[in-house]
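Common to both upcoming complexes is chain A, partnered first by chain B, then by chain C.
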Partner chain A sequence: MTTAPLLEVEGLQVHYPVHRGPLQRRVGTVRAVDGVDLTLARGETLALVGESGCGKSTLGRAVLRLEEPTAGRVAFEGRDLGALGKAELRDARRRMRMIFQDPQASLNPRFRVEDIVGEAYDIHGLSRQERAAGVRELLALVGLSPEHARRFPHEFSGGQRQRIGIARALALHPSFVVCDEPVSALDVSVQAQVVNLLLELQEKLGLAYLFISHDLHLVEFFADRVAVMYLGRIVETAPAKALYRRPRHPYTRALLAASPSLDGEGHHRRAPLQGELPSPLAPPPGCTFHPRCPFAVDRCRAEAPPLRDLGDGVAARCWRAEEIEATGGLLAPAHA
Partner chain B sequence: MIAFLRFLLLTGRWFALLGVGVIALFLLAAVCAPLFFSWEEATRVNLGDALAAPSAALPLGADEMGRSMVARLVWGARVSLLVAGLSVGVALIAGLVIGGLCGFYENRLTFVTMRAMDAIISFPRILVAIMLITILGPGIVSLTLAIAISSVPVFARLFRGPVLSLKKRDYVVAARSLGAGDGRLLFRHVMPNLTALIVVQGSISLAEAVLIASGLSFLGLGPQPPVPEWGAMIAQSRSHLMSTPHVVLAPGIALFVFVLALNLVGDGLRDFSDPRASGTGGR
Partner chain C sequence: MSDGAPVLAVEGLRTSFGAVRAVDGVSFSVRRGETLCIVGESGSGKSATALSIMGLIPRAAGKVVDGTVRLAGRGDLRRLDDTSMAEVRGRDIGMVFQEPMSALNPVFRIGSQIGEPLRVHRGLSRREAHERAVELLAMVGVPSPAQRALDYPHQLSGGMRQRAVIAMAIACEPALILADEPTTALDVTIQAQILALFEDLQDRLGVAMVFITHDLRVVAEIADQVCVMYAGVVVEQGAARDVLRNPLHPYTQGLLGCVPRAGAGGTSRRLNAIPGTVPSLAALPQGCRFRSRCPHAFARCAEEEPPLLHQGGDGRAFRCWLTEAAA
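And now, the complex of A and B:
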């Protein structure tokens, strides 16, 4: 059996016009997502990693069509989401879902848990009985008890609220879930529980995750593949193991250096990233990473590198990926 | 309602409580007007009693046409409440629809609509109302309509702001991601957050509407004689202010007390709905 990918994203762009002045004249464009290709197989976890403001959340929303893409194509379960009518899109939404970063903000404070979790049943026209049974099952699935159904979100702790958010996302058996930093608003002690719950559910229900995170070391434990995003573009994508063992793009190296790993290894080894994320309104010419890259040469400043295939499922958007890799990152900084 | 009264009692907001009492009294008078005084008593000309001083039969005396002041005040409360209540109700609904839609959908059409609202707001409300009555002709219906239309932009602008930010809340996006349509998002997730604002602004607008209605009636743009209306009563009797002040002061004081009571209750409602002041609001 040939397995067509569950999700296929091609050349996805989300650009925001910026209007200024009394006449609301268009003065520029923010390229939040600027040409992203992704594929995701059934039951797979793809981690999408990058600094805040790099466009990863926008990408996640655009994939689900919660954000209207400017260009590009998203095919989900073989259907082009952009070509679907209203009713068909609603139908597709039975199969793709989202878990939000802030469990407080993502639950309507006026709704009871049963109404939050059961809303999908109402929207898709299922009966009262089906809904009640579904809610009961979903609450059990995420480790909440049936009596929680009558309560309001504010009666729960952060971790429990995120469980409610997860239960809502799993209503009607989706096959694909975008997890938008699902644990970064939680206490460290609760983070592991929620991640474990997500993994358990993936196992049980055969879910595919697009797991958005700013923390490379968090996703190391469960991602099948990792895509690193910078200024609206994917700069490196690789199987998780390969990425952590041999990061190819200088940005990936910097991210790995910046985030403390649990075993302490490699903690202070590399210099952290210098400078700030450039404004997406006026991205630098050439490789967008060159102003912060210790290895940048003239070519990087003039010519934007494509996402180059480096073999073994690894691709990086860097002219010097092989060079840097060969010297183990000890290559003399270009502008020293 | 009971929660509101308990809140006022527990936090010692005596003025607001007083306001509630006064409004209840006026409401009772307006609703039960026909039980106390016949329409005849309020409108029949009886020149024998013209400008009579207060007595047992005529507790507040009579006006220059010999009509009982109490009867006219009570029937006048009916007119004022009807005009103010209806006009605020209509304006509130229209404002919710326009503000809600213009906040939820941001496009050229809604942009132009809101700029039109701004244009109307830039005129004093009473001027807009006068203009509308000039077109519609004087009377209770056109008075109500004029006040309603002149306050729609205020409501539309007031409600648009929160809708603009509410529609971006995560839980609204979450509902959309489940497949919810615009109607569900707007009515189930966005609009319910406006209730506190509606109640508070509604009570304050009611006071404003009563004042504007009286002002317009004073100018002769409201209900025509012999219909009793406080503003019109003041206008009719104003030449007797020096000789028999009660015929002018009675409707004036009624108007003053009623508007003050509405404002006091409005303040109480605002405190009640502010979670920082009461600790019972949403969130």
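And now, the complex of A and C:
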């Protein structure tokens, strides 16, 4: 891509104050998103993966400014969203939309499908005819029929409800859609239908996706690039193929090793990762992954590594990435 | 690894909720040290099968109408009265469910909950039960078990809670563990830890396991045998390796095609989705239950429901006219 990126995120932070006790004193800060840089080209899919609590959903919401970032800059289609006034931000939002995990919870049960899908037209002041025509077109686009427009969400299956959610997101011709675990709540056979629909729409409409998921195999199939998050930070970013073939960060290696797969047996037995996500209220010093990392040395405990460029579009937040890779991950584990 | 008479043998199990036949003739058996996975989508009847085995179908909602559930040393569980059945649960069969909080009482300490079956079924004193609970927590990999035993459920993470539930399930050294989607609510690294824990416990205790899941990848990881369920019936069963490598039923083939993997669909970059949705059990189609979504359906599929056809002597069976014709 020679043109400017569609989306540019720099140093994005979302910190939440934590209050406790009878006086609600501020006792700390949860660094849900702690300094994230991202770029996304038109028509590209960037996947955000990580375990629950890593901040991937908060990041997705902060990019759309559904969550007010505490620091950092988000530029979309060349405009700094933080510098926009209310009306301008609303205008920018026509082109950046969101699809949610739970289609049941994200659709108003008292609205008909035509009102759910057409709501964006009302907000942005389109005429009734434009709205009706638009709704028809959108329903066809996501594989629903025109007579579905008069029905209520409860009359649909989970997969169909997710199609309604997708139609709503596409109403005002967005160029960018944040998909937050869009198929996690669906049955396996229906997941595949919705995944295919998202791919088809991307090809037809040139959409860029920020695809938030915990399913590494789905991401491998779906994404162009992947960013792995741990405790509010990106620990590795790479083209999808490279990430799966040559994971550089020990956390990425652990995630891949732990993911069950159809062809490999006994992945869980090889999973080297011990322990659980530390509290984001008191992240460990140095590299935040070091308490669970089999390769951690003194430097990792003392000094936080930056996201280092390793060439070929790969970057990892690890002091020992090259060393670990050179030995194929067989480097003698350091003393824990 | 697996030898001798089955620990659990289910034969012709049928369970109805009013007019809806949620489980419609399910048969399988599992031996010592063996893992049998029941895999299916929502409405397949996999959880209803588990509840039927345990005698936990709520009376007001439905009942087991036919079949036998034989547990080694206990005979047909369906013939047991409520008191004996309560004894079976927790002593002979350990249960683990998807949501650990549903199995834990929020107002009791972890240790006393794990010790409860030992006091009830084994007659241990309060102190003995507590000491054993601490040992069990250590056994399932909970760090600082003595301290955790004094915690309340809300003080533990999801993964630790599930470990506590597993400790409770194995407290009385059951012959069988019945686990319904025990890792679905967990992150992938924690899931891997729990799956490894189950295998380790099986190696050490020789316990048989029935593991219910929607995830074929988990089946590939842990199952010796698999039952694929669809709309209340087993459509295919057999050794997990055979079923996953050489699926004979179009539904099993379809489910495997839906699992995302790198390069699926080649240049077209599409998953092989199964069209349509799972039918409602209240309005099943005539004939084969899968036929409306099946790419191979032909006239006979609409006329007659295929029976479970057995192939070879190793327990491989499937419900499909087409495969029968081809075989």
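Convention: the second predicted complex is superposed on the first by the 324 of 336 C-alpha atoms of A that agree within 3 Å, B and C clash if a C-alpha of one lies under 4 Å from a C-alpha of the other, contacts with A are read in each partner's own complex, and residues count from 1 in each chain.
Here, contacts are C-beta pairs under 8 Å (C-beta built on N, C-alpha and C of every residue); 3 or more make two chains touch, one makes a residue touch a chain.
The structure presented is a predicted model; accordingly, all values stated were derived computationally and were not measured.
Clash-free side-by-side placement of chain B and chain C is the outcome of superposition onto chain A. Once chain A of one complex is fitted onto chain A of the other, the partner contacts of A:His154 are limited to chain B, with no touch recorded for chain C. The three-chain arrangement built by superposing both structures on chain A places chain B and chain C 80° apart around the Cα centre of chain A, to the nearest 10.
Contact with chain B, but none with chain C, is seen for A:Arg90 once the two complexes are overlaid on the shared chain. Once the two complexes are overlaid on the shared chain, A:Ile324 sits clear of chain B and of chain C alike.
Number of chain A residues touched is higher for C, counting chain B against chain C.
In the superposed pair of complexes, A:Ala62 makes contact with neither chain B nor chain C.
When the two structures are aligned on the shared chain, A:Pro109 is found in touch with chain B, with no touch to chain C. In the superposition on chain A, contact is made by A:Val188 with chain C only, not with chain B. Touch criterion not met for A:Leu243: it reaches neither chain B nor chain C. With chain A used as the common frame, chain B approaches chain C to a shortest CA-CA distance of 15 Å.
Those residues of chain C that touch chain A in the complex are listed here as 41-42, 157, 159-160, 187-193, 195-196, 199, 214-218, 220-222, 244, 254-264, 269-275, 277-278, 293. Taken together, the chain A residues at the contact with chain B in this complex read 61, 64, 66, 86, 89-91, 93-94, 97-98, 100-102, 105-110, 119-120, 123-124, 154, 165, 168, 171. Against chain A, in their complex, chain B makes its touches with residues 169-171, 173-181, 184, 189, 192-193, 282-283.
On the chain A side of its complex with chain C, the touching residues are 51-52, 157, 159-160, 187-193, 195-196, 199-200, 214-218, 220-222, 241, 244, 254-255, 257-269, 271, 273, 276-277.
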